[in-house]
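Chain naming follows the written order as A, B, C and D, and within any one chain the residues start at number 1.
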Amino acid sequence: MPELGFSHATEVRVRFAETDAQGIAHNAAYLVWYEVARVDYLARFAGGYNRIRELGLEALTTETHVRYLGAVRFDDRLRLHVRCGDLRGARFRFDYVVERPADGTTIADGWTSHATVDATTLRPIRLPAWLAEAIPRAAASPPS
Amino acid sequence: MPELGFSHATEVRVRFAETDAQGIAHNAAYLVWYEVARVDYLARFAGGYNRIRELGLEALTTETHVRYLGAVRFDDRLRLHVRCGDLRGARFRFDYVVERPADGTTIADGWTSHATVDATTLRPIRLPAWLAEAIPRAAASPPS
Amino acid sequence: MPELGFSHATEVRVRFAETDAQGIAHNAAYLVWYEVARVDYLARFAGGYNRIRELGLEALTTETHVRYLGAVRFDDRLRLHVRCGDLRGARFRFDYVVERPADGTTIADGWTSHATVDATTLRPIRLPAWLAEAIPRAAASPPS
Amino acid sequence: MPELGFSHATEVRVRFAETDAQGIAHNAAYLVWYEVARVDYLARFAGGYNRIRELGLEALTTETHVRYLGAVRFDDRLRLHVRCGDLRGARFRFDYVVERPADGTTIADGWTSHATVDATTLRPIRLPAWLAEAIPRAAASPPS
């Protein structure tokens, strides 16, 4: 890390509420962290998710995939490396690698797919140009 | 149980995702269960929460209180006894008693306060008459 | 539906707490529902997840995949069709199809992979024979 | 703010997953934020919650109370002012005031009660001396 093309990183700490009776973070928490990383990415490179929403668009999640590579415990500090790409019409995709800096291990990876839709009708709408342009710019920028 | 005036009961099972690393249900899960019980109550006595929303109203939560009286574990079946009352203008209140039928213990109780507001402006709006009337009717009905 | 080999179905209702500001169920909620369906499946065919835990085992989630095929709203009743298979040593896999009976649409599908581990060391342990045997039995039983 | 005796503040941003179909943060999210603030407080003044757990203790939550004073939206930055006190045997209490720095409004307040218990038996155990001593020290320190 920084892995090739991962231009952005977001940190989270595992909340106690995110653990389960196995003593580790619950599998659904990773999707929430991925979202936190996406929001942070969009804030840095594209004026923020709220800018998308102000245009009357929503970015729906159409697919999620997580590989859990190591157990994560309460209060662990995690670094989420994120990149966005694969833009096609209304669709785009984020990739994630989750690292625990304390021991340098990769504890998860995955990807999510999204589609921009009209917030009222939920019908697909082509990604706004400014967002479509912001994403390759982000990919080319030096890692944070 | 049935406790005086508790005219309705809803059952939930503790989900694994609702437990935490203490091996018991997380304290925030109780507020979600209280909500499940409220929704169920409104469905039975007042045409459902969606009917409130279709009128352009929202029922905001203005106060919550939970007493945790016993630990609750994964897969425990819980019975939530609920009653509604104390209507004043835009305000109303729900009371809850949570019982674990397997051993008959009361494992929590509490109450939540709510206000009906205009869904757009979020300004208080007097409780619709049909809802204000449904609630005493519910309180007088035999326990479910 | 019932789809070939989906021997079990579990119902959930979308909780208000599971919706987000897009007005639809949040993407992470699906992983919680998949877990509810797994727990229900294991209860029916294999003595329950608690039986696994009593043996000093845990079933870790090693991979999750969800495709979101249609928006799901508050109070929607969902039927989760689930099957288990692909047993190899310590590993097994669940497949899911989520249907909304009210309109017969498939609103999601996906799969999750799991590994049985020692609850203390978190090292992989071959699936107990009774569980390995329960699963093909389930697959052969008529749909519920 | 800083309010009298509130010696510590923690910041959170409202996650999209924490919003609901009312377009505002769900009432149960506040209990999770209160916990984040407690964990942060204990880390600063008392060696951290994990130190309590390493002693074979757990701090159970015995009561929670939240007043919701204003709607909170996705991506809002919140400052949680927290203080701890009212130590009696195994029991202690946290108070919270939640402020939105962007407009200086107080958007919630509340308190939670806790009891230290033996992690295995869940029986009450007097608060360890180092923790009982750390808390008044914290209360006397200048606000962060």
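General remarks:
What we mean here is this: a contact is a pair of C-beta atoms (placed from the backbone, for glycine too) under 8 Å apart; a residue touches a chain by one contact, two chains touch by 3 or more.
Bear in mind the structure is a predicted one, so any value in this text is a computation, not a measurement.
Among the remaining chains, those touching chain C and also chain D are A, B.
A count of C-beta contacts for the chain pairs B-C and B-D puts B-D on top.
Comparing the residue numbers each copy contributes, chain A and chain B share more than half of them at their mutual interface. Fitting chain A to chain D on Cα positions gives a rotation angle of 180°, stated in steps of 5.
Our note on geometry: chain B versus chain C, Cα centroid distance of 28 Å, whole angstroms.
For the pair chain A and chain B, the distance between mean C-alpha positions equals 34 Å.
Rounded to a whole number, the gap between the C-alpha centres of chain B and chain D is 24 angstrom.
Among the residues of chain C, those touching two or more other chains are numbered 16-17, 28, 31-32, 35, 74.
Because contacts link each chain to all the remaining chains, their graph is best described as complete.
Chain B meets chain C in the complex at residues 15-17, 31-32, 35-36, 39, 48-50, 74-75. Residues 22, 27-29, 31-32, 35, 58, 60-68, 71, 112, 119, 122 of chain D are the ones touching chain B in the complex. Those residues of chain C that touch chain D in the complex are listed here as 16-17, 19-21, 23-24, 26, 28, 73-74.
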